[in-house]
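In what comes next, subunit A is part of two complexes: it sits with subunit B in the first one and with subunit C in the second one.
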Partner chain A sequence: MADTVKAHQLATPAEIEELNPEIVGADYDVQLESLSQWQLAWRRFKRHRMAVIGSTLFLTMVAIAIFGPILVPYDFYKAPPPDEIVYAGRPPSIARPFGETGGLQRDVFALVINGVRWSMLIGVLATVISSVIGTIVGGVAGYFGGFLDTVLMRIVDALLALPLLFVILVFTKFLGAGNWFTVMIIFALFGWLGIARLVRSVMLSLREEDYVDAARAAGVSSARIIFRHLLPNSLSPIIVAATLGVAGVIIGEAFVSFLGFGVDIQTPTLGNTLNGALTFISVGNWWWAFFPGMAIVIIVLGINFMGDGLRDALDPRARI
Partner chain B sequence: MTDSAAIPARREGVGDILLDVRDLRTCFHVMDGTVRAVDGVSFTIRRGGRLGLVGESGCGKSVTALSIMRLIEMPPGEMAGEVRFGGRDLLTLDSNAMHEVRGGEIAMIFQEPMTSLNPVLTVGSQIMEAVFLHQEVDRGQAREIARQALADVGVPDPQRRLDQYPHELSGGMRQRVMIAMALSCKPDLLIADEPTTALDVTIQRQILELIKSIQERTGTALLLITHDLGVVAETVDEVAIMYAGRIVETGTVDEVLLEPRHPYTRGLLASIPSQGKRGYRLSVIKGVVPNPFRMPEGCKFEPRCPYQWEQCVASEPDLIALGRPDRTARCWLRDPRFFARRAAYDAAPSPFEAHE
Partner chain C sequence: MIQFIVRRLIGAIPTLFITSILIYAILLAAPGGPEARFAQNPRVTEQAREAFRKRWGLDQPVPIQYCRWLGVCNPNGEGLGVFIGDNGWPNFLPWGGDNGILHGDFGYSINSGRPVADIVGERVPRTLILAGTALVLWLLLAFLTGVIGAVRRYGKIDTAITVFNYVGFSFPTFWLGLMLIVVFAAQLHLLPAGGMWDTRNVPVFASDEYWAYVGQEPIAALVDLIRHLILPVTTLVVVSVAADSRFIRAAMIDSLSQDYVRTARAKGVPERRVITRHALRNALLPVVTNIGLELPFLFTGAIATETIFSWPGMGNAFIVATANFDYPILMGILVITAVIVVGANLLADIVYAIVDPRISYG
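After this line comes the complex of A and B, so read on.
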């Protein structure tokens, strides 16, 4: 009799543990996992297949740029002895997977790796600098508005009205003197215009937010409101624009170098490598141009896919 | 406009007066002309006192608060008058000193708790920011002050809340956080701009009780801005009713709510829905707030006022004292010359009460 009564009673925690230790092991205090914005963004990003592919490509290229020289254990600057020289170069083989260039018989694989290294360096540095300039100019213009905004934005308008490519060609030719750092700075100095406009437009809407009033009412200074309260809120479009900006600079640098106005020919950027390939395509040396070209395509494609994914993932209105 | 001269001087216990707003005028120069959002507003709040500023949307109550904090954007806006606070005129204070006053000596709570917290910063870092700005403390102390502030406003598990983001909190919790933030630096004056408008009724009561109890405990003076006369009745001691940028009636809560001496106040009171009016059409004040670009020449309420006559069209009355200096009404009916009309007003039931 006592047994049947017991069967109808609710089991005590100790009894449950006896029956199934795993259930009790689980935390009964169910707390909703609270995710920060970045965790939510990461979740959305992971669902974006092209973005994952794109960022994998991009990160691979970054890894190559960083660790590349370890992969190429020989000095590719050194020309081979004259008896090995074949004018049109050697096509891809097992030993030299990307083939050898015409003329100086350099390993295209090594050239591509070094090209990626230099192009990435220039692209990333120029974009970081231009993003910082653009964010400061756009942030100040958008937050304060009025006269300051008018002056800064007219400067941006005036610079945007210049045919940028020619300006960059002229600057790189006369100021750059082939120094990669100068070329990078020139790209940085002309690359902030778009970001400044973008940040300004975001700031214009953010400054009307209630929390800005609340922060001002708490005595927070303008600079602090711009950079501590508003900047994190406008970070997502900046990240997206900067990501795509890297691709822009890499293509721009390749283009300028290809025309012979860019980085010194001794610095093997992807553009310079392509430039060298120019005269040899006619003798059938396609691999010299193909592999550096593909490297540019892969980097830019990867960045663009990644940028698209970031744009969707960082959109605060997006639901998971 | 000779309002400032007409305002009866409130001299009793001068040392007690914390905030003395004198003839405050805030206008905005916009494309179509000039909007006088606040036009000659004067009032005082004593140390530890509670004043309610009441009026419908667009009457200038929020602009009054923002003017006191000097948060009016100056190119379109323009301010005149005096805001005397702790012996200084806030309108002429230099901007660094003003940063100290904001948040440190005068704190403000806003209407929208859902949007008044920065979504990308944790609750704790936002409270701590206010603490760092106004107190000399290190990180650990600031965190402890923030935790204590959250505990004081009745946020459960304050330690955990410190590291949460605003979107993880409900509206009522966020408003508590805003209050904690405002009170973390022990201000002398708390301006609450419609603190409960965005909350549902049960939470409203909790928040009001909270503000009131903290106010009583810390001795912070309170300027409560609201359109809700029920909130006023529960929370403050003195009331100033605003209409079209000026104060139309002042007095203690009992005086104003039980014996309204301005037709506008009477209209406001009549339009509160209540159980007794069940089955009747909800009473409203006929007409709309005057267009700010075409204000009436005389009394600003005259176009909507059931008692109006030629005098009201011709000129605008000053605030007329009713027995004592703090009890005033801006209505010609209170002028001794129009005694007969006043008797009719006082005797008759409110014409705002709509009948079936």
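After this line comes the complex of A and C, so read on.
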């Protein structure tokens, strides 16, 4: 069987024949294949070893978040009979691989599985919302420029001068009321600043491109230029920033809930699980704090690897 | 140059002004407030409440309250006279009035009644000790690992450093601290689990008794401080070294591929000298700016670590104030950190303009 040579948008068979008459009738076919931007990116991503490991980790955790709670349901109202309670809980065993909590004797494995679901849900939703806000604000500021740009960027600067974790703490404590949805919205409302700056700078450079001038000269409306020409071309940095943003929200939410300022303890996020563990560390119950934390580390590590792989893969200047 | 600095300084004023409005608005929207502590007290009559509101200006419209808090308005003034200080000068000038944050008056803590400036002043040195030690250590480590990683690019050592960086970067600070406490304090009993000094035999840090103790037993005092520093500093270094290490590595790789490095090698300059003198010196440029942007960390970055290790610094004060609805402290800390952040950004800009001869600051 003939070898297959893949060339990307190089030449037609006739052109190759013309350029190099010797390969006519050679023992291989020249297969021509043109790849889209996303196909090229996917190829680069697949070759990035860390990115593949990272996305495997991340997708595993996503699968756990979606299907885990169905397989290992967690019932807040199920309490063990009083005579079976061991104050410090039980260490990991074969039946209970992550051990049991102190106090109410809950299965740490079930807590972690359910915690992954809540933490992922909050992290992904908050990041999606903040990316949309950031893209709109940054896009408007960068595209229209002038006074609007100055005002919007002044507000972003002013917000960035505040330590955001402090502000989020104040908000979740005072306004969050323990509702996971409110806490998620608070993270979304403070997470868009970085993306807004990023999109603005990309827009500033893109709007000087010739194809934008051409579109404008052809009488294309601003909205169409933004959505058809500018946004698709600035999507790569947004995707990378949003991917890494999920990790930030998951850690932030865990910290806020760990302090007891975040989501109410009826919702088993990973941070809440860690909050409960705090009291029992002094009696030697390490497994309660260890496994939920490891779940956070694995999610975040997966996201960071994946984000870096995406950054390399989506860079149009990178060669495969 | 002077013109450039002055222009940047003036440009920072609107940012800080908007920030102050945001801080005021955020805490105005929050529940509770100065009167909240009387809400459940049947002995506080409506008249007493009225007098309290009048005494502290809570009966005024919100813009006036904000203006007084800022220090632009004089609480004793009437009509347009609010902008004039008691001595006839405009109130916002340093010598015009003495109220508001412009004059360093951050009010009093609702819980302890102490001036906020005193509380923050007492906390800042403690946070500086913790965050400063961590910053110095992780910068040293970041330079070491960053340069080695760049020189031995894609080698075994570089891969090991990269993996360590990624894992460290992925740890939630508070959880890593918790795990260190579990291992080194709860299980092995090697190091203290929290605090800044041993309360059994060392007096409160920076009190008169403390300095007397340091005078008597300087080594014991230092050992005690270091023992309390080890775990929180380790936590901060492991989590924070990655970003700088990666940054320095990238800057070094960039500068190692420049023509002047090839020229130096071609001239026969020893490799060690090529790396330190030719490549590293040029790679320092972006790194210095990056370090400038990290300086606010010295005041705020240790919030999670301080909480876990009950280090009595700024972050800890903020968490306690949040839990207690202590607004003046929250506002004071937010304002001070905002000024520090804007100042550090400015400093980074200016240093960059001085260090890099290619920047034109017209």
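Throughout what follows, the second predicted complex is superposed on the first by the 284 of 320 C-alpha atoms of A that agree within 3 Å, B and C clash if a C-alpha of one lies under 4 Å from a C-alpha of the other, contacts with A are read in each partner's own complex, and residues count from 1 in each chain.
Throughout what follows, contacts are C-beta pairs under 8 Å (C-beta built on N, C-alpha and C of every residue); 3 or more make two chains touch, one makes a residue touch a chain.
These numbers come from a predicted model, not from an experiment.
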For A:280, select first, second, both or neither according to whether it touches subunit B, subunit C, the two together, or no partner. neither
Could you tell me if A:254 is touching subunit B, subunit C, both of them or neither one (first, second, both, neither)? second
Under the stated touch criterion, which partner chain does A:192 make contact with: subunit B (first), subunit C (second), both, or neither? neither
Which partner chains sit in contact with A:58 here, subunit B, subunit C, both or neither? Use first/second/both/neither. neither
When the two structures are laid over each other on chain A, which of subunit B and subunit C touches more residues of subunit A? C
According to the stated criteria, A:290 is in contact with first (subunit B), second (subunit C), both, or neither; which is it? second
Should A:166 be classified as contacting the first partner (subunit B), the second (subunit C), both, or neither? second
Considering only the touch criterion stated at the top, classify A:45 as touching first (subunit B), second (subunit C), both, or neither. neither
Kindly list the residues of subunit A that each of subunit B and subunit C touches, one partner per complex. none
Complex contacts: residues of subunit A adjacent to subunit C: 50, 154-155, 157-163, 165-167, 169-171, 173-175, 247, 251, 254-255, 258-259, 261, 274, 278, 281-282, 284, 286, 289-290, 293, 296-297, 300-301, 304-305
Which residues of subunit C touch subunit A in their complex? 14-16, 18-19, 22-23, 26-27, 29-32, 166-167, 169-175, 178-179, 181-182, 186-187, 296, 300, 303-304, 307, 318-319, 322-323, 325, 330, 333-334, 337-338, 341-342
Could you list, by residue number, the parts of subunit A that touch subunit B in their complex? 34, 36-37, 146, 209-211, 213-221, 228-229, 232-233, 316
Interface with subunit A, subunit B side, in the complex: residues 69, 71, 75, 99-104, 107-108, 110-112, 115-121, 129-130, 133-134, 164-165, 168, 178, 181-182
